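Across the two complexes that follow, chain A remains constant while its partner is chain B and subsequently chain C.
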Partner chain A sequence: MRRKNQTLTVILFLLPALALFIGVLIYPIISSVHHSFYEYRTFDDSGAFVGFQNYIDLFNDHYRFGKSVVNALILAALSVFIQLPLSLGLALMLGKGIKGERFYLSVYFMPVLISAVVIGMLWEKIYNPIYGIITKAFEFFNWSGLPTEGLLANKKTALLAVFIPTIWQFVGYHMLLMYAGVKGVSPELREAAKLDGATDGQVNRYVVIPSIKPVIKVSIIFAITGSLKSYDLIKVFAKDARNLPYEVPSLLLVRYVFGNYGGIASAIAVMMIIMCFFFAILVNWLFKERNPYGKR
Partner chain B sequence: MARDNITSFNPELYTVKKTNKFLKALIYVGLVVWLLIDLFPIYYLLTFSLKDKSEITGQNVIGLPRKWLWENYTRVFNMGKKTGNPPIKHFFANGSLEKCFSNSVLVVTLAIALALIAALMATFAITRIVWKGRKTLNSIFMLGITIPMHVALYPIYSSLSKIHMLRSYTALIIPYAAFSVSMAILVCTGFMNDIPTELDESACIDGCGLWGTFFHIIVPLMKPALATMGIYIFLQCWNEFMFASVFSDEAHYTLPVFVSNLKGANITDWGIVGAGLVLATMPMLLVYVFMSRRIQESFMVGAVKG
Partner chain C sequence: MKKMLALLLVVAMVLSLAACKKTEEPANSGSSNSGTTNTDTKTDTKTDTKTDTKTDTKTDNGGSTEEKTTITMWCIATESDSNHNAYVKAIEEVTAKYPNVDFQWEAIENETYKTKIAAAMAANETPDIFFTWSCAYLGDFVNQGKVYCLDDTLAKYSSELPESMLGNTTYGGKHYGVPTTMNIVALFANMDLLKQAGWDKVPENYDELIKCCDDLLAAGIIPFGCAGGETWCVTEYLEPIIQKTIGSDALNDIFVNGATYDNAEVAKAVDTFQMMIDKGYFDPAGASLPNDDVKQNFIDGRTAFYQNGTWNCADFSKANDGTFLPKVKVTEFPVIDSSKSKLGQLIGGPSDTLAVSASSPNAALAAEFAAELGKAICHYGYLDGCGLPAWTPFYDTSEINPLTVAVSEICKNADSYVLFGDTAQSAVDKEPYLNAVAKVYGKELDGAGFIAELKQSIR
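The block that comes next holds the complex of A and B.
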């Protein structure tokens, strides 16, 4: 298929995608790295060159970045260790083939389609300390121990209160991915294991889960990066309030972009990219097939 | 290949089965419990959107509304519209529900079109034309999947404000399309590799150039991929909030921004908030009822290929 003007054709074919990619992904990354070395009090005025000072300042208490990263990591850990096992359990139960499987699947997946803004406002109502449903339930059963300022405002419960809507929304998503994996396990494998006398639990443990490892890997990466960049839900809870117990990096990013801290905001952006790549690579590395007899 | 029967299930294949009765009951209980957890907030939302303030805040929190207050919904439709005497009735007033809805439709449709065209062309150049460095370029495109959209916020904001394009549809369409391109290329590559190269070759022998091959052979065969990707991008962009709230003004608000604005003025008026949430969510859920299988498949392809 070699032609004289092939180079030109290739360039023309790549042009739209490259233009979008360079203009909206590559350029912003370079520009963020560049901006992170300057003050950038306003959009036009770069201010003084400060070197790595912005990055050092990030971990100052004043900018609250360290705390926000810890929060994001806690959310990520909760996702990986609570949400994903729950999804896996549901996927395994559904994947075994039961009556009404499609119906369950469709309902479980439905929350994924609802905007996080809607979910945030709905949950804000549920958490309302005066007439929210949780308060009412505690009153009804005469339980005590609910923080009077509301679950979202209480320092100890805030992160959990943020996590619950997330899990409600995204269990279905991860369940669907894993379900697709479970369905992809060849029935012959299951049958063979069954014939060898494996119980359902053993089939799941030794046949199904090992074969859906790639899907689990993708789910873990999505869960971690998703937690690191969570914004919508938390923004709805936070509105314009500050000093919240559930601040996350992207919330600070937006705040500093419009709070005349362009340099700091850029440094946060760079840190977010690094963290996302770090965790993606880490999870990939953890899931790499290792040969027990040394290098392949 | 497995794509077609990824959700289909043949019970005959599972014949050797002696599942513990108790375990089976336990599985059903677990499934039903999660089903109720999933549905309860929706039920709660639907009911409180039809209640008045006193019912919501105390007398009747969980039950069905005692008086079905459809007025909440009319009030949502009247939001953002100028009132006067006589009230000026106009649809598509800035900030009204219809306007935000149509903004969303416009922005998302154009973003999908742009992303799909760009991705399809790039995929063709990467998978079907042989040239040096195509593998490298492909892996560079794949990095885009991991990059969070948020990091582009500040640079794009500052460059858009310099060229005075901040408050426009373009300011949303371009970022949405750009951040969908990587995933679209990934999925399109998977689909395009399933198309035999013999087709290209025979087209070439019949005198078709690269462009001819692209338009007459590849594009028609890629229709299923485009549908799948279109749905996926739609769902990613439809609910996007950060860019939509930062880059637009009242004339360009999308649906999520409309929803978030419901709270501002009506902090305790939960009836109208509930009605607004329902109205913003229902179109999507209705589409889902009719297309659940396709929507689920598009998500599975997106992740399984990743």
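The block that comes next holds the complex of A and C.
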């Protein structure tokens, strides 16, 4: 009887969180899947049932979805292979306990605290083809090669120009996650390695990094899913322009949902959810501890 | 100690929850967006004592009690908008006429506004009065039954508001909008720069325009500035070029009457536009810049021409403390194919409009208020140079700035108007249209590609 009451209490305590979870996460996902099977030309009118046609149309050049996914994957790759190693390097450096550790920590973390809109506008000024600091630097040193239309308008440079601030903004975020992990590594382990004659690099390589693998895994998942969902900073650069070389799925989603293509927008939302889940599962699988001797 | 701490935390949490509780009484005026907050400009204009409740009562000298009604409005007249001053003055004037109205208005940046109003329409959370663009933009909302019919209200203003100004807001023979000002796309020229290239007049025909651009380039001056960062600015160049190639009727048929884009003359016009880009007539720096920057480049003397809406007359008249105004002349884009088009065929018309939500519980009062407000905005907007009046002027117009006077001369000789493409076409057609325009400016589509893409995606 007492056990039954305890179960009931647990259920009662879980119920508000469960209701919230279903209300704000599960229901919108189901609703998006449902919407993606209809035209939804306006918010009020679901229009005709089109089945999987919206998903088929997504890969038509007209909607530019394929290109936007490629862009998001490039951003994800840059995040994993440039942003995270940078963050890890900083975390390892600061985690050693250098002088002014707190100060550096605050400085590197600062971009995370600044609004994406502010960062976007700041970098927009940096890239300005007339008075931007990059343009002025090229003029000052008499360098050539800067596109006259500016880095944001040139098809070869625009993607990188937009992704640099996106990556820069979150270096501090991942650094902080990893820093917490590095600080959590037992000093005895470090000391033992040092006594065995390991250099700083070897300590990091063989002791610290393996110890913070779960944190690195979380960072990679955040970096990839964050890249796939990136919107705010890119929207600042995009403004109202169409046909951009750096379009990402979220940018198209918002444009289509308010451009009377609700069905297509919902299909993009569903695809984004699937991609995020897929990459989260993939990273989890890649990081899974495996028995080197196979199954027993 | 732990228990005390836990208790303190619980008390703090309960207090914070209580603080979150909405203390305002629901509006019995029924304004559906009551209590909403926004980071944009939000102004509460009242002619009486300010209170926190949406509806309050006041006792007049006679001792009778009368109820105050809240009317809300959303518009795009933010502080950086040319129309801001006109809105502020108009609201001040109209609210003085309606002491029993608690008027609350909010100005939202143009692009954000389009998203916000679409979402609000879907959720039936629109304000009583909202700014809109006429033709298909408002038409989409009318078709959804979201807009209040203004036939009864506007009948009272028939002597001041010509029926010809209501065409773009009339659907199924019923009026749904109060026009404020009308604007056209015009070509602004910096005469100081033109003089440096040996031109003391604005080019009067297409050949002269091309010659002028070549002379400007030879003098080291960039002819045109066009904001690629905002695709609607590219349409301000492309649409007049198409219009002056195929004629108003043919363009109107495409935008409004469902004619196909598969028209070789349209392709020719697009190729003309791209030829001008190829020859270096357009400032390459404009490709990613927003309109404000490109306009400033024109004011700063970086480009010789700027083609955009005539609402810019207000900004040009004030720029550089008024010293820029004498340098600027305004004209219309010259005719390219005189067998199909002629001078006086213009892009534009009455587009800026105030409409009333069908869901407004005070729709009749809001309609009357919107009509008065539209008239006053027109009045002050015209005086400021934000456009030509949709309403018959009843005031002294001798102080109107010379650019606006020149625009009114152009309009006086107008042959026909075709409304802006992104307003004239439905929201569904607008998206592929703007995408294709952006591709043309980015040199991804030529004339043939443009008509092929739009033929496939629209008609």
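In the analysis below, the second predicted complex is superposed on the first by the 275 of 296 C-alpha atoms of A that agree within 3 Å, B and C clash if a C-alpha of one lies under 4 Å from a C-alpha of the other, contacts with A are read in each partner's own complex, and residues count from 1 in each chain.
The criterion applied here is as follows: a contact is a pair of C-beta atoms (placed from the backbone, for glycine too) under 8 Å apart; a residue touches a chain by one contact, two chains touch by 3 or more.
What you see is a predicted model, and the numbers here were worked out from it, not measured in a lab.
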item: Chain B versus chain C as contact partner of A:H62, first or second or both or neither; value: second
item: First (chain B), second (chain C), both or neither touched by A:V24; value: first
item: Which of chain B and chain C A:R242 touches, first, second, both or neither; value: second
item: Touch count on chain A, higher of chain B and chain C; value: B
item: First (chain B), second (chain C), both or neither touched by A:V254; value: both
item: First, second, both or neither for A:D45, with chain B first and chain C second; value: second
item: Which superposed partner A:I130 touches (first chain B, second chain C, both, neither); value: both
item: First, second, both or neither for A:G150, with chain B first and chain C second; value: second
item: Common interface positions of chain A, toward chain B and toward chain C; value: 43-44, 130, 239, 254
item: Residues of chain A defined as touching chain C within the complex; value: 41-45, 62, 64, 127-130, 147-150, 152-153, 155, 158, 239-243, 254-256, 258-261
item: Complex interface listing, chain C residues touching chain A; value: 111, 114-115, 118-119, 121-123, 140, 144, 228-232, 284-285, 287-290, 293, 297, 302, 426-428, 430-432, 434-435, 437-439, 442, 444, 453, 456-457
item: Chain A contact footprint on chain B (complex, rising order); value: 2, 6-7, 9-11, 13-17, 19-20, 23, 27-28, 30-31, 34-35, 37-39, 41-42, 44-45, 48, 56-58, 61-62, 114-115, 117-119, 121-122, 124-126, 129-131, 137, 140-141, 144, 146-159, 161-162, 174-175, 177-179, 181-182, 185, 200-201, 204, 209-211, 214, 235, 238-239, 241-242, 245-246, 255-256, 259-260, 262-263, 270, 273-274, 277, 280-281, 284-285, 288, 292, 295-296, 299-300, 303-304, 306
item: Chain B-facing residues of chain A, complex; value: 1, 3, 6-7, 9-10, 13-21, 23-25, 27-29, 31-32, 35, 43-44, 89-90, 93-94, 96-98, 101-102, 104-118, 121-123, 125-126, 130-131, 133, 136, 168, 171-173, 176-177, 180-181, 183-184, 187, 190-191, 194-195, 200, 215, 218-219, 222, 225, 228-229, 231-232, 235-236, 239, 250, 253-254, 257, 262, 265-266, 269-270, 272-273, 276-277, 280
